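Each of the next two complexes has chain A plus one other chain: chain B in the first, chain C in the second.
For the complex of A and B:
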């Protein structure tokens, strides 16, 4: 075993985004403690946005740095702490998504979350910082232990955030359920990891990857146990069927901005961790294709089940948050597809496909949840009928929602359309026709789900004639999401080229 | 020198911009808004005159410009415009007539509360036609061709609250679509067979005019006939002429626009533009000539027995377009374009005159009119000039152009000349009937007819002057027009015989009409009392509409019912089944979500076990 390496001052530069978030989290905690009760806690929200923005700025800086390094023949990857922390373009891209999404979520909640609803507004905002930090660790670790720490950091803060509507019974129930199911999921993952450590003798992913060929031949059955346990745990975290049952309850009980955080950041982080582990291990099982294909098949089956169950379940929902939870289940299935596809000469773009759809998914969900926040504030409930006659009350908001719904349904010309299209191309190129068929059929069925909104907004008349008041920050967040959704639809090539230029499997996952 | 030609693309842009502005403003535009449309066509007219002037005065090169629109693999589609003598002539015709019609409509549509919409549509109509004229390749032309069709639908059905107008608009659209389909297939065939998939007119000219044999004669004939089918639909030639008379349900200025400058001229222009393809196929040329001649006489006979002033004029248009097709079929493109040129003026004149009459007496039935000459002096005089021009009486414009066509027909095929001459006789007769019934004699109803306002009569006067003088650009003694159009010196000039015969036939027709309808020397029922069947046949337009109804509409309707039933029961059944199974699955999911967290984790555990057993377990079995 290599001697432990510690952090040096020169490494701090590579950790600047993480350090920024930690610093902001600590400072904001103290500020919240000492600021007089009479102060409106919105300034903490704004400072949270600032912290996220600064961290995102550092990430961009690092990416530019790596790009220059790559251009001059250097290695665009930096290992810290003996390979347990890894700063690379894979991590950076995802960190940008997490930071940006969280920023928009905070913006959307500024002014639209009522103090009566969430009494602990200060914590509500600054607790997002450690949660995002956890997500960033999950996307940037090269070691099972660090990954798990990131996962727990994200999970535990999320449990608190879900329960932040303290006087709401549903919220407390949701927090409890999330704690229990999240704990079970963590247990599954940790149990699987311990088996992996047991047979590999290391928690370092690149070491495991180097020896995995031998390990599989030696401990055939234990490999199955390790990977199936981890698969089940991650399936719970990202809400793949049949591990999804908690999602609807938790999404419904949580404050709407937190719901959108769970749907986008938590889910994305779990996928990041999944990629980290699976690309470093399963990818190297070329000599034992049966085992490798079984693991991929398990993921594919879960993806298919999620698409079917999520879409069918959403058909019957009248509560918008439960509906979006189930739509999130279906989307988790879609996001899972690229990982299950074999990487070949013809088809080496699985991360591009995943990332493109993740981007589209993030924007359409944050936008939709932000609109739901303002609409349900006006109507006083979170049911679909709250959207009735929205077009007549707030035509522009209805138009924005329509764009986001089109993206969710996968209609052109939106990000959702191209995201699904690229994933569909991937399935066809690798010959996974059954996944392609399920993707297509569930997409068509999902039209019925999303058009339910459109029918409510345009064809039903609402009972209130008052206009809808949308706080400025929320409006900014909504329209950025709409613009980004359309941009992903109109300029897919620009985004694709950008991802392809930055990311490559050999450099970002596999290099030392 | 090509100063103005480079800006030719602006010609269609003005009216289309007016359309956009008027539509954006909606009804708020009001009557001042309507002037935007008129002003835009005036700008187009001025620019067109500059372009044409430049081409007449100097030795201007043909000018064309295009940009790449779409590139798929090594196939590229482009959009562009081309200014030649032919297109510059068409630009002037279209913009001039359109401007005068616009001006006239200021008076005619004064009381319509959708007036801005009317001018908006008219702008789009004019702009589409101008785009069609300027297009440098078939695909661009086809896009504008379809736009013209859409606009005709919108304008014929402008008074959509009248069921007849609605039906007429639908009919116009559907019947011309049959022709459009032919044109589309022709374009696809050309795309397939042309070297490099080129569709621009200069390449078409190079391929077909040189008779290089790049494309086999059989295919060429097919292409030419399919293009001609498109022209038959748009130009109202037999057997697709049925929409044109019904299109009279639209506002009268639109009839003038459709019949003189935009819609129907498009068909003739299409054949003229692709004339090289036709000339490469003798069979296609024969077909064009025969259809043209037949339509000319066929429509003229129907015109004899109609009583609606606009319908008579509609059949006269069909008949005159037949002449143009005849000219094209016998190989004389200049004669066809010459007739298109003169016809545009006198037909616009006649329709606007008819509009003025209808405006005054509020009826379209010529049997209820009479003696209007004294009350509507300007209208009567100008209408008379138009009627004389249409009847081919020298020295009016129609005489010279019809003379050119008949000369060309006689050169090629004497029988076609005879048919054309007889049709000319009928033309003179029904126009005489129309004129004398409307303007002479005693009033047959008690309406207080009055002359129309100046904004309506000024266009009439302008068009009347043109109907007199436009013919002198090409006479048997002066071949300037044909020379300019084709750049070819050796164009045959007319013969004295044809001139004499054609003038005599025209005068005979007018004289006979005068005897019957003005003087009363011959009884009106001289034919109908002896051959009632013939008259009935003519009145009912040879029962073509009824025949089509029986042959096409009814069977298609029945087929539609069958398909509808299939859709209702089989397709919808499958859809309902799919929907039900999806909701059933959803219900199952709802049962799973009992709210019990222990159930959730148990499900997860069971899921894991099943997954592991099913996928990994099979390896250890």
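For the complex of A and C:
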């Protein structure tokens, strides 16, 4: 038996982003406790942004370090604790998305989240940090146990955050529903993992990956059980149909910034976990293609169902948050597609396709939710009609929303368009025409959903007297999201060159 | 000297610059806004005329090609060894030839006239002109682009402005019309994108050996696709049993899939029965200046796309389905013509007449010979001018009478003789009177098809009889007969309305008496395609 590895001080450098977040979380908790009641808790929000920015800075530093190491022949990956925690470019790229998204979400909520709605504002801000930490742990894990710990850290903090509109019945209901369904999902995942551990004899993903060929031939049925249980659990976390029913209620009840956090960061983290597990296990089942294809087919069917159900459901929604929840279900289906595609000699860009769309998705969703926050505060409700005549009240906000909606609908020239284009190209390259057809048809049907907003904003007249007041930080977040959405559409090459330079499948996906 | 300036980019970008300028102008000054929009519509018109004057059919449009790499996206190459680079490659590639130049001229003429006809727009001028100019950019882009993705983007860019232009400035049922328009055309675009991606992922692939290993490239360039599809040694045409399963083989089934998808995509736009319902609504509900563009240019994007991509890239499939296309064309002709005879609303008469006339274009394409293909383009241009003129008149009539119901109109020749005269001319052109442009287009298309499918041609020609019925019934109903009291005092066309009417009428007569002005342009446009058809027919 190998000796137990422990952390040494020199490893702290690789954990700097995570340590920063934990430190900020603890300090902010104490600050919130001892700061006088009369202080406005927005300063905690600003400190949260600072903490996220510092952590992101460390991540970038690590990435540059790895890039130099890769260029000079060194090792661009760092394994901690016998491979149970992996600092690599896959994790780093996703961590940047999580940290950046959370930063914009906090910015958008500064000044928009009211004490009347969220009574304990300090808690609202400092609880986001452990949630992001959980997401980061998930994207960096090389071991089933670490993965699960990250997942629970993220889930449990989000249960509390969903319920943070403490005087609102819907919010409590949402928190309760999220707790129950989230708990069930965690149980499914854990149960599936226990089977995998049982047949592989290890929780370490690289060890499982090395032996998976033998395992599949020996324990054929149990492999199915393990993966289908885990898949069901992940599908719940990601909100893929038919495991998506919680999403609409939870998104509606949660404070809007938390809704966008669930839509972007939680979803992204669950995908990170999926990639970690599948790329290290199912990917190596070359000798038993039947089993591998069955597992991928299950994912593909979930993706297709999510696209269809999400789009069809969104058609009839009048409540914007429920509508965006269902659009999130459809988008989860789209995000799922790359993982289900075959890797062939000429098609191996699955991560690039996924990551690019995730980036586009993050920006368009955060922007749309931020605009929803300010608009619904002006109109007093979260229904689609709150957007009526927005063009006349606040033309620039309407234009910003139009850009984001075009991106959601996949119209050129936006990030959403190119993201979908790459995924489509992947499906066509691997011959998965049925997925391509479903993606295209649901996209066209979703025009009706997103142009519903545009109709309200431009073709209807609303209450024209009330102007729209947008808090400064929210405006910054919105316009950065709009600019990024357009940049991803006009200059996709910059981002894709960057991903191509950093990421490589053998180094960053496959644990050795 | 024209070769030394990027004239195609100027044509493409002039309306976009105009849109930005309009954005900067104050929104109350409708006069300034209108003049800016008009000037930036006339600039491309002038440039197109210059291009037309210096274009040499024998040389093709090679002198005017503009080609820059736009995106070369690295694809992950970890799954195989010995590869120096694998790129997905989209270019900014603009070019003209004998097929696109007539379309460009049509676009510039119709959109300038529509810009003048926009005097009837009464609200939110600024946004109107911004969208109008954006729509123009999209249309020029469609006819100029030689990269599949670039083409797709411009095709999509026309959707968004049109949605707003119909939805905000249209008549009573505008929102429903705008939605129909969006969903139908969205489906068409989706089918087109899938077909394009299938072609790019197979026929767009090229491999070159270089110092550092193979350089693999998936290209969206039309030229590359055209070359690879006809090259038996391209990866797309090699047997996968020999090359290994790389997913590059464009099998016969895939070719058929791509062809049918393209036919659906452009069939919705043309529109081919039964995909025509959205277009009737747009004709009826959109403001007349926008219908001029819609009926005059946007429908022709479908024709152009079908010829450019359907015929040139997949000639074998078109060849086997030429009878199907001809039957669809005949259905369009007769269905449109018969229904046009019973409409009570003048705009719907014109809408069904468009369906009928686009059927003639299909016949021209289905003929697979030079005369017919020239006829298809000629008919597209001619129908574009005629329907633009008709809707120009409709706009002016509606301004004065407040209705386009045939029952409420009558005897207008007494109060508005000029408008009535132009209406009669346009009607005669529409029914194909010799000496006007409509005749030449129809004659060439029917003549082309007569060579290969005599019976279908004979049935199709019946459409011309119906055309005489519905045109004369509605036009004479409007201009002659008893006049209602309230219509006796209305004023004839103003100067600003008369100018585009006279210009369009002049062009229709010019094309009618001097057809070689366009046919000379097209002479060498179809050479490569026709060779492929003769090869197939011979072998």
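List of remarks:
In this text, the second predicted complex is superposed on the first by the 509 of 512 C-alpha atoms of A that agree within 3 Å, B and C clash if a C-alpha of one lies under 4 Å from a C-alpha of the other, contacts with A are read in each partner's own complex, and residues count from 1 in each chain.
The rule is short, and it goes like this: a contact is a pair of C-beta atoms (placed from the backbone, for glycine too) under 8 Å apart; a residue touches a chain by one contact, two chains touch by 3 or more.
Just so we're clear, the structure is a prediction, and the values are computed from it rather than from any experiment.
In the overlay built on the shared chain, the residue A:448 is in contact with chain B and with chain C. Look at A:311: by the touch rule set out above, it reaches chain B but stays clear of chain C.
Of the two partner chains placed around the shared chain by superposition, chain C is the only one that A:424 touches, whereas chain B remains out of contact.
Of the two partner chains placed by superposition, only chain B is touched by A:184; chain C is not. Once chain A of one complex is fitted onto chain A of the other, the partner contacts of A:497 are limited to chain C, with no touch recorded for chain B. In the superposition on chain A, A:236 makes contact with chain B only, not with chain C. Applying the stated contact rule after C-alpha superposition, one finds that A:412 touches chain C and leaves chain B untouched.
Of the two partner chains placed around the shared chain by superposition, chain C is the only one that A:440 touches, whereas chain B remains out of contact. Of the two partner chains placed around the shared chain by superposition, neither chain B nor chain C is touched by A:12.
In the three-chain superposition model, chain A touches both chain B and chain C at residues 445, 448. On the chain A side of its complex with chain C, the touching residues are 343-352, 406, 411-413, 421-422, 424-425, 428-431, 433, 436-437, 440-441, 443-445, 447-448, 451, 454-455, 458-459, 492-493, 496-497, 500, 503-506.
Residues 578-579, 582-583, 585-590, 592-593, 595, 597, 599-601, 603-604, 606-608, 611-612, 615-616, 619-620 of chain B are the ones that touch chain A when the two sit in their complex.
The touching residues of chain A, counted against chain B in their complex, run 176-177, 180-181, 184, 188, 221, 224, 228-229, 231-232, 235-236, 242-243, 245-246, 248-249, 290-291, 294, 297-298, 301-302, 308-309, 311-316, 326, 445, 448.
Note for the complex: chain C touches chain A at residues 71-80, 86, 88, 149, 152-153, 156-157, 159-160, 163-164, 167-168, 175, 179, 182-183, 186-187, 189-191, 193-194, 197-198, 200-201, 205, 216, 218, 245-248, 257.
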